[in-house]
Amino acid sequence: MQDILALAADNVLSPMILCFALGLFAALARSELTVPEAAAKALSIYLLFAIGFKGGVAVADHGVDGTLISALAAGVVLSFALPFVAFALLRVMTRLSVTDAAATSAHYGSISIVTFVTATSVLSASGIAAEGYMVAVAAAMEAPAIISALWLAARFGSGSKVDATLWREILLNGSIVLLVGSFLIGLITGAEGMARIESFIISPFQGVLCLFLLDMGLVAGRGLRGSRGVISLGVLAFGLLMPVMGAASGLAMGLLLGQSAGGVALFMTLAASASYIAVPAAMRVAMPEANPSVYLTLSLGITFPFNLIVGIPAYVAIAQAMTGA
Amino acid sequence: MQTHKAKRVEIIIEAPMEGRLTTALMKAGVTGFSILPVLGGSGRAGQWTREGQVGRSGMMAVICIIRPERLDTLLDAAFAVVERHIGVVTITDCEVLRAERF
Amino acid sequence: MQTHKAKRVEIIIEAPMEGRLTTALMKAGVTGFSILPVLGGSGRAGQWTREGQVGRSGMMAVICIIRPERLDTLLDAAFAVVERHIGVVTITDCEVLRAERF
Amino acid sequence: MQTHKAKRVEIIIEAPMEGRLTTALMKAGVTGFSILPVLGGSGRAGQWTREGQVGRSGMMAVICIIRPERLDTLLDAAFAVVERHIGVVTITDCEVLRAERF
Amino acid sequence: MQDILALAADNVLSPMILCFALGLFAALARSELTVPEAAAKALSIYLLFAIGFKGGVAVADHGVDGTLISALAAGVVLSFALPFVAFALLRVMTRLSVTDAAATSAHYGSISIVTFVTATSVLSASGIAAEGYMVAVAAAMEAPAIISALWLAARFGSGSKVDATLWREILLNGSIVLLVGSFLIGLITGAEGMARIESFIISPFQGVLCLFLLDMGLVAGRGLRGSRGVISLGVLAFGLLMPVMGAASGLAMGLLLGQSAGGVALFMTLAASASYIAVPAAMRVAMPEANPSVYLTLSLGITFPFNLIVGIPAYVAIAQAMTGA
Amino acid sequence: MQDILALAADNVLSPMILCFALGLFAALARSELTVPEAAAKALSIYLLFAIGFKGGVAVADHGVDGTLISALAAGVVLSFALPFVAFALLRVMTRLSVTDAAATSAHYGSISIVTFVTATSVLSASGIAAEGYMVAVAAAMEAPAIISALWLAARFGSGSKVDATLWREILLNGSIVLLVGSFLIGLITGAEGMARIESFIISPFQGVLCLFLLDMGLVAGRGLRGSRGVISLGVLAFGLLMPVMGAASGLAMGLLLGQSAGGVALFMTLAASASYIAVPAAMRVAMPEANPSVYLTLSLGITFPFNLIVGIPAYVAIAQAMTGA
């Protein structure tokens, strides 16, 4: 426990988390500080490319061990299952409509890649290795939750239309394509490829993450400011409880698969995190009646900071304790 | 200079719906339109700015200049898309040069 | 398709005044508007482009679709803000779909 | 509030022609205009988006608010530039505040 | 004197200054070369973050010596006082209206952070250390000048309205928040934080500054091209004389505080530089009748290049001579 | 031959080419992955600046040998001459109108700087040196082809108007100014300047090129998707034959000038590559009746990938064989 607290304290005082806090503060204080949209998108392309490529190179180095396929399957199962947990909790804990609850549940089954990236950076700062293929698991967990949510919405009342176009948009969304693509490029080019672009994707990584989290803080803060009235106590409690439930499921899965401490921590992080890019866009198309303020405030304004500040260090410490590393 | 009567239709719609709207327009035979970015706004769902958007989706403005007699086709196609979605559709009378282009 | 008469007000204003304008509009009960970027232009104060601006401030276009009977409220609110500032205010007649939204 | 009749001319034109158009407008004495970005569109030459453009040239929308009596001068100047080029010119009746500015 | 000239020659032939010159040339020759707005803003966020963070780490390393508070106070006093000097000179040397003179004077009391960044890079290239807290002084000097200018405008005739919103905008403008925020992050995370993001904020710094100054050259050049007729001989002379007056006051302050050679040089640079981001935006709101061509051409088209090319090397040399370093 | 294939295989499996392929795939699969316009432009500014600067420093280091002037002249001659070859081929092999053929021919006389950059990166990965002044040759080859094309268009029927403004736009287009400017800055500041910004322009270079080629793949793929129907078999064949003709002329020129293996390879690359930024913009102004789909699809959708994947490794191997290196 003491270790967990020490690690957490360490994490909270890292430049990354402080940058996030600075962004939050600036937005809440209504400073006009902004990171241009194009710059933020460029930073996220860099982070996705770097993390995917590194994962691919790691798999090329160490070889694919037997857990790759089972980990992918486990991720898909989690992504399908978690929306049901989330939906049930939301119906019990809050007064959200079926539509809002279903739309929100899709977010929690899916994942936040920035949370994942931050976790990998905490792991690497602590010198803890993790399975390189976890980026592929991350990609695999983006979409299945949407199916569960649509089923929930249809089952409990509110209609929703999903056409082939939407499926293509979801499955080929930018971050999945970039993550999987750069993973494959890393896998193919291996150590040699890494040697050529190492000084681009390794050394500046943590610094880029700082600026990106600064922007995330700004966006989360602006979202929070605009959402007064939307967030009841029950909703807030859900936003803190659900990642814990997700992390517990991720822990179980990771241990079941016999992963390393790092892999288990990343599984917990993925399950605990909530989408705020791919799923919201899909929900605007498929369930336009659901209120975006609800699910965006929850996933970005509550769960994201929670995972960043409290969650990740705890998940890492727990994963270490449970795997005996 | 010789001008011709036309209609200017301006549709403000969520970015994720843009592709669906333009596809519907093309299907309805409306092949002329331009898309302008919207940085922010306010409506019944509250105020927003692109800077405060996750994924910076936001909204778009689609502008179609069209012959008056084709207006209804366009509005039907557009309405089918925006029906369940937020968004604003306005129609203005205008004149155009080079009517053969429309 | 059923349409309704409305007014389209377009206000081109300096970026640093944008927040003040939208606040004034909201205070006057005008809760529907969209903001579009302006890349450059020319007026009595000469020509400019966003690329040649320090801090790239430039101007913005604020578009409000409003019921005709509410036009004067809007113009009064807008005028109070732009009065001492550069900027252009234009009003066009238009039709809208889904009038219940305005 | 006191308003005055004016014309709103909107010219959608290829980005490489923008400088030539504004120069021609200035030469014709049209010193007031604003330039807005266009992200994509469709016309007789097919559909395009700025993201799929090499060099991301694309198109621009030039908006001029002008006194009715000066409209023809403007159209002549604009037409000389767009004549051989793709692009759309629309004219709308409008009202303006602060007519002394035009 | 010879040393000053040698250092100046060295500085003028640095990649940074040549990049600025390239931008100026391209703009004056009406090349369509442009740095996209979002990219330029991203570069400036990087520079502000890096310089603030470095300053904070330096203070964390060396401890806060007694001069921190007095330096902040000195900066605020300078920022308040310099507009009066500028206003008087403008009324004597030029035919600018009271409004234009007052608005311009605000710019000269405030500071240009890019000029400051360039000075720190010249210092570090020459191996001269400076007080890390000078970035905090820079932030403190941004706003006070605006108060003086508004008072001058009110006192000598032209009205102006300043509401609470404007004060918040000025005090929480993007560069102040980012500078102070990253300074605090550097202060808190210290050497450990630096170790994590060093390869992002130290190694590429000078290269990024090159591209940023290229863009500044383009913007300054485009401004100059658009301002023919605005700049009389008197106005031009003011744009060259005022930074010298500022530098002299900065020198006095720095020596009075007993700062190091680097600190004195930075004080001179701050006092000599003129704002072209925060203050112009404030003036458009508070004094819309003032002509922006006047103050922008002066601060960006005349004083900025003067400081970059002639000023900074001179200030560094003089500071070294006067502190006996 | 075996060597050529080995090198080609190596090149095809480099992270750069795979990134390009990823972009192509994403666009053809209609993924919404995009690199923001401003980010792509910023990357290209970085690449142009880095390559120009490196070239200038190389010339400053090794001194200007006698071939500089003759290489520039040779480049200009090639740029003038190749449009005639291209025009003749197009009239024979395709049914394109005179206007379309003339406009297209201008693209093939001019050059693609990204192809050039990729070739330099392949050379440096293989440890093959090249004349630093080749960046100046690249700049010199951008414009002359346009004159030939306009003459062809006028001679064979279709009118076109070229005013002084257009000439200024062509000769001072962004990439020429940046390339020549940074070349001069490198030449002036030499090794000392390089030391200051090395970690910005050398280490991350290949990684930046990866992301830039990802975007090029996206743009090329979107262009190809939009151009169905435009490209007949004859047009396609031209797009593959013309770079070979260009490379052959480049080879002859390089050998004639007695250049090193690297220099010859770059000459071949320049001659083989086709413009898709400067020339298309010029053609929209001067020959608006020419169909941009034709020349853009050819230069960007066919010739660019061909050079990237097949051409460059072949040119390098051939240049090595022919110079006996």
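Observations on the model:
For clarity, chains are labelled A, B, C, D, E and F in written order, and residue numbers in each chain start from 1.
Everything that follows uses one rule, which is that contacts are C-beta pairs under 8 Å (C-beta built on N, C-alpha and C of every residue); 3 or more make two chains touch, one makes a residue touch a chain.
The structure displayed is predicted, hence computed values, not measured ones.
Think of each touching pair as a link: the shortest run of links from subunit B to subunit E has 2 of them. With respect to subunit F, maximal separation of chain centres occurs for C (centres as means of Cα atoms). Taking the mean of C-alpha positions as each chain's centre, the chain lying farthest from the centre of subunit D is A. If you average the CA atoms of subunit A and of subunit E, the two centres end up 40 Å from each other. Centre-to-centre spacing of subunit C and subunit D amounts to 18 Å, using the average Cα coordinate of each chain. For subunit A, the set of residues touching two or more other chains reads 34, 36-39, 41-42, 169, 203-204.
The set of subunit B residues touching two or more other chains comprises 36-37, 47, 49, 92-93. All chain pairs that count as touching, in label order, are A-B, A-E, A-F, B-C, B-D, C-D, C-E, D-F, E-F. Against subunit D, in their complex, subunit C makes its touches with residues 10, 12, 36-44, 47, 49, 59, 61, 72, 75-76, 79, 88-93.
Across the complex, subunit A is touched by residues 36-39, 41-42, 45-46, 49, 53, 168-169, 172-174, 177-178, 181-182, 184-185, 188-189, 193, 196-197, 199-201, 203-204 of subunit E. Contact residues of subunit B toward subunit A in the complex are 14, 16-17, 19-20, 45-57, 84-86.
Across the complex, subunit D is touched by residues 27, 34, 37, 40-41, 165, 169, 218-219, 222-223, 226, 276-277, 280-282, 284-285, 288-289, 291-293, 296, 300 of subunit F. Listing the residues of subunit B that touch subunit D in their complex gives 1, 3, 6, 8, 22, 25-26, 31-37, 60, 65, 92-98, 101.
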